[in-house]
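When the chains are written out, they are named A, B and C in that same order, and each has its own residue count from 1.
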Amino acid sequence: MTILDIIIQQLTNGLILGSFYSLVALGYSMVYGIIKLLNFAHGDIYMVGAFVGFVILSFVSTLLGDGWLGILPSMILAMTAVGFLGVLIQRIAYRPLLSAPRLSILIVAVGVSLVLFNSVMVVTIGEYKAFPSGLGYEGITMGHVHITYTQMVMVGATAVLMIALHLFIAKTIYGKAMRAISIDMDACRLMGIDVNKIIALTFFVGSSLAAAAGVMAGVYYGSIHFFMGFVIGLKAFTSAVIGGIGSIPGAMLGGLLLGLLESFGTQLPWVGTEWKDVFAFGLLILLLVFKPTGILGRTEIERM
Amino acid sequence: MAEPSTPPPAAAATSGLAGLEERLFVFFDKRSRRRLVQGLLVLAAVSIPLVGDSYLLEILTNSFFYIVLCLGLNIVVGYAGLLDLGYAAFFAVGAYTTGILTSQFDWNFWLTIPAAVFFSIIAGVIIGGPTLRLRSDYLAIVTLGFGEITRIAARNLKELTGGASGLIGINRPSFFGLELNQIHHYYYVFFILVLLAVFVSFRLQHSRLGRAWQYVREDEDAAEAMGIDRVAVKLYAYVIGAVFAGVAGCFFAGKMTAISPETFQFMQSATILMAVVLGGMGKIPGMIVGALALILFPEIFREIGSVRMLVFGVVLVMMMIFRPQGIWPERRN
Amino acid sequence: MRILQVRDLALSFGGLNVIDRLSFDVDEGSIVSLIGPNGAGKTSVFNCLTGFYKADSGEIRFMDQPVTKLKPHKITQKGMARTFQNLRLFKQMTVLENVMSGMHCRTRAGALGAVLRSGSQRREEAHIRSVAQECLEFVGILALKDRLARNLPYGDQRRVEWARALATRPRLLLFDEPAAGLNYDEKERLIGLIRRIREELGITIFLIEHDMGLVMQISEKVVVIDYGKKIAEGGCDAVQCDPKVIEAYLGREDEEGAADERNRS
């Protein structure tokens, strides 16, 4: 393998990994932006997304067959279902505590995370499930590097989702309301915005994006597991901080950046795959020391 | 007894008893009454090994161990109001310090304790120092990451830690020539640790530092305006919590003589947090009750098995929504 | 001697200039007021002085030392204490414990002292307690010391805040609208208290206040700001007659006229 091969290979890996991180990071950042909550359960939403997609795909593939024809509608159904799950969680667990001390809502988020992944653990008896994607390894080969169509479709799908999100936030009245609430929730209430509805919508969108990432991860890795959300939750948070937490373009950028850094990082002699998580968390800590506002985040002076 | 109306005869008898009780309680004001209860509890705990079987002792020893961890985490979460999701990492620091130093460098068990304290402090400062300057929420996620880093490091540094299969052959502590190798030995060792942890927690809570934690917890800005260095105060809490776990970890390693990275998973941290929330953050008796409940509950309801953590999650959410002060009752003011 | 010097202070939030090249001095031992219409930036000035907001530019000197970049707790340690416009008590704690917080920066016992309860630690605790009680006595609510702060009536909660600020042993005391929400009697007592703080404790006073009667009664100097800019400074009489001040508070003559016109039609 030449240097160029390695670069292309790691670029591809990094983009795919980064897509997953970005999609999950978006939910983190959106929720943080709007109610200043670090939603620990968000990584588990991604995991649940993968499992819901798995169940739906098992049914759908008997009707539509394997391959993208079955996967795409399953993904959309999973996104919808998990979106509602996100809203439900917000309604039951977070809404009663929005005005309580911050510690309470953080602890509740931990509780929700426990509930989610342990439910899946109980149902699956903690086993890995093979994801029936039925996709082959066709693709294009450049030098020693083989890039599958699956990989390309995935990066493409992520791009589509991000553009859609961007348009939603920038152009629709709901997007405008979200941005307004993140600046001043009380003022929005006074202006007659149904704040609770917009918060619910934020959870819906954030959760569906995570579910999309979950389904794609299932397709990509070929197997899913109840604990798969834990580390990606941490990584997505790191991505959100890299980009600037609360910032939507920041989350996209941060995810891709972390994906690339990690892929190339594994090439460093003293990092390797064994230490790649340590590498990512180390990065997080360094970032928090030197630039806690991230790349695109604003320095906010809290009102006294 | 200053009731103006004459009570009916039956009631007179009971109120006579109550009167006796009242007169007794004149000797015991509220404080000495509490002392008495505490004394009786200690007496009961000390005499259990004389009657209990080794299964009971094993469970109770385990509970004592969790009480110490809960009291430590309570300093961070209950006193200073910080969320630490990687607490098990500090317990790993202590356990591995003892494990590595005794099994590979042949240190005496007792000498590894100061070393573990030292490493716990270092780890606490490295993680807490930068993070505590930011919004408190960041600490939660960074500690989560730290927990993972520690576990991964324990897996990967094979020469030192034995990798995924862990360390074996850790020296047991001995006490004036007596090797501590019976369950009732450890029962007493951990019981003494509990007493020590309660004592230290109590003294800290009722001190200048303890008040500072409460000021910062209630209103960070006002505390700062009063000249309190909020970062330093939080760091104190974080590091003291780390030391509690580190020391507990040493004794854990000494008792088990074998440790492996999987003992220090996120679930471990979540379990300790669960006990703290259940007992009531900031309350010393609450920590004891919380830890006991946490250990005894799955022992009594064996069939729950794998659903245990699911139940914990549900309880955690319900507690925070409906009874954030924990199951230990509030003291009336 | 000048205890506080502010030079060209500027602060903006998202393009809005909240403080605009503001300069003024406070003389040691004086009582100075900062006034201005709602939203003029008065509290923001206090927040800059006490280190809660970091000014974009400019310099703040306190007792001839620069404090512009210091953290709030350092500034308090140097001898500048403040109260908050919206009460910021430690609500779940007793009145005495609230006031004891002020002594934190004047004492040093740490974790080890707490655990060992050494002699010096015990003496220090006793000292903290006695100073806190003195401060409560000074503001006249020693009798309430064991009550929970949140259970006190509003006027008494304000006094707890004053006692708490006094307990930091300040040289300069910043009051942010101390009279807000107080009744007539309480205001009278506040005036007496402010004078006693200066006379008996020798502490310089710098306050924000909307009650002009109170301001004119006690201030030796008044600084007026509007939209973050200083529009007048000087003795009470001079400031009261200043057309710019009248304009800031009442609006311009013609605007006023136009509004009246509109109301009539």
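By our rule, a residue touches a chain if its C-beta (ideal position, glycine included) is under 8 Å from a C-beta of that chain, and two chains touch if they have at least 3 such contacts.
Keep in mind that what you see is a predicted model, and the values were worked out from it rather than measured.
Enquirer: Measuring from CA centroids, which chain ends up nearest the centre of the complete protein set?
Expert: Per-chain C-alpha centroids compared to the overall one single out B.
Enquirer: With contacts counted as defined, which of the two, A-B or A-C, has more C-beta pairs across the interface?
Expert: Top pair by contacting C-beta pairs is A-B.
Enquirer: Quick one: chain B and chain C, Cα centre-to-centre, how many Å?
Expert: 42
Enquirer: Starting from the mean Cα coordinates of chain A and chain B, work out the distance between those two points in Å.
Expert: Inter-chain centre distance comes to 35 Å.
Enquirer: List the centre-to-centre spacing of chain A and chain C in whole Å, with centres computed as mean CA coordinates.
Expert: Comparing mean C-alpha positions, chain C is 47 Å from chain A.
Enquirer: So which bits of chain C are touching at least two other chains?
Expert: 52, 84
Enquirer: Where in chain B do residues touch at least two different other chains?
Expert: 221
Enquirer: Could you check chain A for residues that touch two or more other chains and list them?
Expert: In chain A, the residues touching two or more other chains are 304.
Enquirer: Residue numbers of chain A touching chain B in their complex, please.
Expert: Touching chain B from chain A are residues 36-38, 40, 92-93, 96-97, 100-108, 110-116, 118-119, 121-122, 125-126, 230-231, 234, 237-238, 274-275, 277-278, 281-282, 284-285, 288-289, 292, 304.
Enquirer: Enumerate the contact residues on chain C facing chain A in the complex.
Expert: For this pair, the touching residues of chain C are 13, 43, 47, 52-54, 84.
Enquirer: Quick one: in the complex, what on chain C touches chain B?
Expert: 50, 52, 71-73, 76-77, 81-82, 84, 88-93, 97, 100-102, 104-107, 109-111, 113-115, 117, 121, 124-125, 128, 148, 164, 168
Enquirer: In the complex of these two chains, what residues of chain B are touching chain C?
Expert: For this pair, the touching residues of chain B are 199-200, 203-204, 206-212, 214-215, 218-219, 221-230, 236, 240, 333.
Enquirer: Under the stated contact criterion, what part of chain B meets chain A in this complex?
Expert: Contact set of chain B toward chain A: 77, 81-83, 85, 127, 130-131, 134, 136-138, 140-142, 144-146, 148-149, 152-153, 156, 221, 266, 270, 273, 277, 281, 306-307, 309-310, 312-317, 320-321, 324.
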